[in-house]
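Below: a set of structures, written as structure tokens.
Shared between the two complexes below is subunit A, which pairs with subunit B and subunit C, respectively.
Up next is the complex of A and B:
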């Protein structure tokens, strides 16, 4: 989320899938959209039929490549060089959209004199602390901005504590409402000039050297994509986990955002960035987060010893003086009223101290290592299959054997629930069932047609699914499970009124239930999420009505409006009346389908062109009008001058479309909120056979965390002859993630019955492998066997004069279900990018040898032998 | 009666309509009476549970049983289409591998045993309560902490917003759990 969040303000796709049909060029990179989002891909096909150019950049030739105008194979992990090359091309060849860049981005903003760019310091920005391996971002602020300080000390914010989701926005490190600008863009320290210098070395030659993309091919892409810019053209970028699952994942998305800002593509039909999410409600599960570092609506969890001492300090730290985050206190008080009801009062800081404090890295991979080290007692797993789906599966499974108890809720008996009896570790004699003390509860879950509720799809759209039938037997929804578990805890807490139970006793937990099993009403939960006016009891229709005086409540302010009346559930409305689907579901915020759409009009409020007319200022009616809800103050004219005393959007000028940011501008350069620098900079993956050609002193992203330890070892790259090939993992159309929802189904199993490794003809020849042979793929963590799929769809690349081979591996299989296979994720390391603690799965190194690995303990012997072989 | 029989006689139909014997005139009584499996079903609107495209689904059910799950032509996103996974949503609900009973594995045991739902709920509540009692920290250095790191949660991207809301509210806002994570990152 911070990639998009810090660049344009919100951590969500900026457009709708249907709007792809209006694009003049579509760049798909870090995604095989035709295979992973096939039904959404119809809009790309439709665009192409209308003359749009489709470009697919991906190590593998897939069905997306087959239907694109241009396919460019590149080396996994070289994405920032490629995108940096596009940025360089746009700047050098004057292809940027001047009016858009000048008015709608921070190109003209001048940086402080003590800011040092990575280009001038061998890959490190100013503020680097080599001992702590992290940045102090104060020097990244704008010239004239005040750092947020208290008693002469920087307010600590979240920079020390970890996490990243909440920092989808600025204003953490300093007050960026005041700053100096140079509208001629000539000042040597203005962002436009800094950007030019930063990407000066990302030339077509560098792209060829690092990505393995010949210069003429790269220039064809650059010319084609850069042409989709200006008053009457737009281009869209689609990405998926092929970008996010890197140690530089957030910065790859940042690079795409810079490109789109320069080309003037945000907020316009056919433009923007479409983040393609891989689960039905993955957007929803960060909006309403089952995550450790944020609260609903991207508000930060309080961090111990940082911003949590008083409510006042917390509010001060996370509010801005202009833009929508000036309302942070309104959102937060309303949120605390939703959770703690009457127990949240002005006197007790609205129950702020009921919230637990974050004390470190409580993310999945962080606590999993603690679990391995015996520091956890119990674990709930609901709808996820980490025994197969998480990196370094061997460590994952052994860690669970150190739990006292485990509760797994799923539709079927997934691998995570049976690691104690049939995992590879049992088969190989590493663990013995009788030694494992873990108590396991496997609870049958209800399927989506057996319960009501909403999913938030990849374009921020909430769609309600309705219960059709009862779940079978003792299967129940998660709503039922958590609600009734909560009632038991509430009962116990009521009997033991100790300070420890204060939060539980304060928590509002009354829901109407229905049917024989007392299923709680999902619509009542949605009403709480939406929010009410507590003085009248009425449901609210917009977050603009939320107040800081305790008279309103809302469980997730960005969703306010989804249930504006007792008899309305907008997520369940199904009468689309235009191409963007207004009338069908609810897109946050305020049912806006393309966000930042003020940018679809010129600074003076008129449409950029007839072709791309979308939202504009109606001078007669004195309001914004058009084909979407305006993501702007409806009656604020284009010539409005900011009034800081009013706060909110009125504290921004009328030509500033990015209202989440305190300066209302799209951020080419991010002054705060990222942990690895204000501008994207190329670093090699944590394991890469290639030396970093741009910053030889820093092979990989300096603040990333390898979590290296004996049970999570790494290759000694770039020169580890044991692992000469690049490995990248991916999904197939016919399976879903770790297989929990697909490997038990006969049709899908028949369509994709077996694990395979996709390799080029050249690699097959080099390793002596014939089509359909078994091969063994080896990394420092594990070895697995698969059938060789020898195909020209994979192609070796020439990098720095050497041939680099890439191996593609789908990761859906495990040892249970109708079709089984080795666990590809066993090969991966647990690692964490600095911003969101995601692991690197899309670019690492491996070896590939002919033949199948032996069964039982001999597999481990073979792994150890292979790891010891060094020339 | 006779008239009806005659009118259905393929030869007569062919002569009358000039057709070639491969159309409706060749239907048998059985074919004529065939109905789609969804005939007489109730329909509720659903959303595909696999990827995040958000395809619309029509869920056909009769007498409390799922009959079919198909693409919703009215959806402005999917326009009636479903991919192989989405087309299999009916089987996802009805296949014989579905769990219907709680399974319990005792410490060191070699196999599952069935237990009833209420028993399981009570046992889980006991374990959470016990771990929390022993590990909960109210304050540290005089500052509010209200936290336990002994219990963790994983999952959410396949669940409903309302479910995630209750999980975060109870686990974090009530019990003080901070180790909460799901599939989503960026």
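Up next is the complex of A and C:
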């Protein structure tokens, strides 16, 4: 999310899936879109049928490759070399879109004299603190922009405990409205020149050496994709967790954003970056977050000791001097009014101190380690099956045995709710049921058709679903559960008016309910999210009307407009009247389908070309018009000169489309907001069979955190003779993530009934495995058995002169349901990338041996034997 | 994309067809699942085959749509949509609803009938399980459910068609690989599509619609790349009844011979007597 957020301003997909049909080239990488997004893939097929070139880069030949024009196998974990190679190709061959780059990106901005690039320091940027393993990013700022440091505190976004999810605005580390530029792009310290030097070694030869992609194949991709650029052509990049789940994930996405900025592909039909979200409302779960470090609408959670002493300090730290984040205070006050109502007053800083403070790593993986160490008492698990779906499953299941209580809500009895009686740890004698004190509550959950509410999908689109049938028996919606639980908490807090309970007592928690079970109205929740004018009581239709004086409220400013009137729910509207689907659902912000669409017109406001005409300036009407809601100030002309006194978009020039950024530009170089550097730099995965060919002194991403400990061990890297092969995990069309919703269904289970490992004919021969044989896959964490699916779709690659084999493993199985199997995620380590603390699942190392592992405790004996073997 | 309330506009009496285009299939198997869900067919085994991503293996009494996964040659730089080679092809198989249907001709009970949409429908309440249709289908589509005793196959969602809805498989297909419409219109569409594919260099593309054999064409045509055998489709499917003429001939010959033998035996017996 900060990959896109810091690059262009918002962490969401910049385009709509329908717009793929207008692409001239589509690069799908870090995703098997045909398999995971078969419905959205129709527009890829449609584009292809219109002559668009579809390129799929993936270690495996998947169903996406089978329907693409070009398939490129690469070594899992070498993505930045490949993308860096494309950037290098575009720069060296003058393929970049000059007018776009000059006006709409920060290519011309000049950097400080003390900035040192990773290329000049063996892989580290300036500001590295080797002891703390973190960067001080001050030297990354633009020349002339002052750092926003206060009281010697660490810079926002670089707090030890901080996550990176709220860094979308970027720029909070400095006043980025003041900077120097060189429009000739010749200044040696201008970003364009820095970028050229940074990627100078990402050559086709390097791509071949590191990714295993033959140079001629790479150049075919480079030529094909770079051609989708300029006034009359566009290209789109689609990615999913195949990019995010790496120790360099955010920087992989950054590299894609740089490529798209250079080719002039943001804000235009058929362009952009489509962040494909893994399931139904993943985009929604960051918009209105389930994450520890942000509040709704990408506003940061206050931290205990950094930026949150006073409301004023917090607002100052996170506002900008220009662009939409100058309205940060309006959004925040309106948000606090939504949560705390009348209890939020100017006198009590709008209830700012009711918000809890982040005191440490409260990220998902962080708290599982805490749980294992006995620091957590209880856990709610809703819509998740960590016993199967999370890295280092053995550690996670043992961690749950340390809880006092565990509440699991799901459609069926999933593995997480029965770990205490039938997990592999019980079977292997590592845990004994009689020793586990965890009190487990299993609660039946209502399915999507049994409750009303909205999904926010991959393209920021809110789609409402109405309850079709009542949930059976005691099954209830999440809304019901959380609402009534909260009501009980509040009832208790009302009886115990202690300072600790102030926030609970202040919290607004009144929803109309209906029916025998008192189901809360989901539409009332939507109204609160949308926001109201508190003086008139009327619902708001745009976030532009939100105020900082306490007269408006909104639970999530980016969603304002989804419910603009009492009798209207735009998310529930179903009459699409154009190709982009306007009239069907609501896309945040303001129902904009392609964001930054000011960039679809030339700096002077005219369309770039007839073919790609989208949003343009109508001189007669003096407003922006076209095929989408303008993601810009509607009446601000292209020749507008910035007026900093006005704030907002008027504080930007009329030819600056990226209005979330304080300079209105797309950021080729990110001066603030990322913890591992302003430019993407290749590092090997935390476990890799090969040396980092670019920066041998730094094998893996320096600020990433391995969380290495006896129950989370790693292979030695580079190259551990016990684990000669590369392992990558993925999903199949036929199953849903950890399987709770698909392994219980016969019609899906029969389509993929058993865990398998996809291996090449060559690896099968090397390991003495025949098709369909059982094999055992081993990593330092665990061993599991699977059937061998021997296929030419897997191919060994030549990396630095050596043949590298890759093993592909889908992760859907567990020990419950109609079809069962070993848990592939047991093989993974808990690790954290520096920016969003996500684990690395897509590139690690393993061994593969013929035969099934023994049952019971002997499985562990075998694992320990295998781990001790060193030639 | 069509909404849920769309009416096909096709009236009973008009002949309908599928056109399943392998070059648009993404192998998602939504057709298989939609078919089973709509028609209330149970799963029929949880066996890992190891045959690419195909674990349902074949059409049968409880699998009326079946996606075939054909693995070919894999070369870095070449995607499956490249004209250069066949890499990994998907093709959703289904009952062919033959113009001259072997199953229909063989059925002694009248369970199999020609519907108002020109398709072949098996009425389970009339089927007596004799299985003549099973051995008479040139495509191996019809299968007897041994637990149930009756034969089953694709109904062409006649119930949906009567209500103006397209068959469940076609409705679920995200890429319009499964097209449903009037037979005559789809025949034209198939030709247009073939010309498009060939103009893109896919010289191996062809329409599978055996009009040249005794089957005299099918109501679920396919666009495939490569030879029909690659997809387990018979290159020259024949209706078994074409062999009847020969069978009757030989039966008549046998009968004559039998009569001759009897007469002769009387003759010899008479002589003896």
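Heads up, the rule we're going with is that the second predicted complex is superposed on the first by the 863 of 871 C-alpha atoms of A that agree within 3 Å, B and C clash if a C-alpha of one lies under 4 Å from a C-alpha of the other, contacts with A are read in each partner's own complex, and residues count from 1 in each chain.
The rule we apply is simple: a contact is a pair of C-beta atoms (placed from the backbone, for glycine too) under 8 Å apart; a residue touches a chain by one contact, two chains touch by 3 or more.
From a predicted model like this one, the values you see are computed outputs, not experimental measurements.
Participant: I'd like to know which partner A:201 touches here: subunit B for first, subunit C for second, both or neither.
Facilitator: Once the two structures are laid over each other on A, A:201 reaches no partner at all.
Participant: Once chain A of both complexes is superposed, is A:748 in touch with subunit B (first), subunit C (second), both, or neither?
Facilitator: In the superposed model, A:748 contacts both subunit B and subunit C.
Participant: Per the contact definition in the header, classify A:642: touching subunit B only (first), subunit C only (second), both, or neither.
Facilitator: Touch status of A:642: no partner.
Participant: In this superposition, which partner touches a larger number of subunit A residues, subunit B or subunit C?
Facilitator: Touching more residues of subunit A than the other partner does is B.
Participant: Of the two partner chains, subunit B (first) and subunit C (second), which one does A:61 touch, if any: first, second, both, or neither?
Facilitator: Touch partner of A:61: subunit C, not subunit B.
Participant: Which holds for A:756: it touches subunit B only (first), subunit C only (second), both, or neither?
Facilitator: In the superposed model, A:756 contacts subunit C only, not subunit B.
Participant: Please indicate which partner A:217 is in contact with in the superposed arrangement: first for subunit B, second for subunit C, both, or neither.
Facilitator: Second partner only.
Participant: Per the contact definition in the header, classify A:547: touching subunit B only (first), subunit C only (second), both, or neither.
Facilitator: neither
Participant: On the A-aligned overlay, A:852 touches which partner chain: subunit B = first, subunit C = second, or both, or neither?
Facilitator: It touches nothing on subunit B or subunit C.
Participant: Would you check which partner chain A:379 touches, where first means subunit B only, second means subunit C only, and both and neither mean what they say?
Facilitator: A:379 contacts subunit B only, not subunit C.
Participant: Across the two complexes, find the residues of subunit A that touch subunit B and also touch subunit C.
Facilitator: Residues common to the subunit A contacts of subunit C and of subunit B are 38-39, 42, 574, 733-734, 746-748, 751, listed in rising order.
Participant: List the residues on subunit B that touch subunit A in their complex, please.
Facilitator: 42, 44-57, 59, 61, 64-66, 69, 74-79, 81-89, 91-93, 95, 97-112, 116-117, 120-125, 127-129, 131-133, 135-136, 138, 140-141, 143-186
Participant: Mind pulling up the subunit A residues that touch subunit C in the complex?
Facilitator: 34-35, 38-39, 41-42, 45, 48-49, 54-56, 61, 63-73, 213-214, 216-217, 220, 574, 732-734, 746-754, 756, 771-772, 787-793, 795, 818-819
Participant: Okay, in this complex, where on subunit C does subunit A touch?
Facilitator: By the definition above, subunit C touches subunit A via 1, 3, 24, 26-30, 32-33, 36-37, 42-48, 50, 52-53, 55-56, 71, 73-74, 76-82, 87-90, 174-176.
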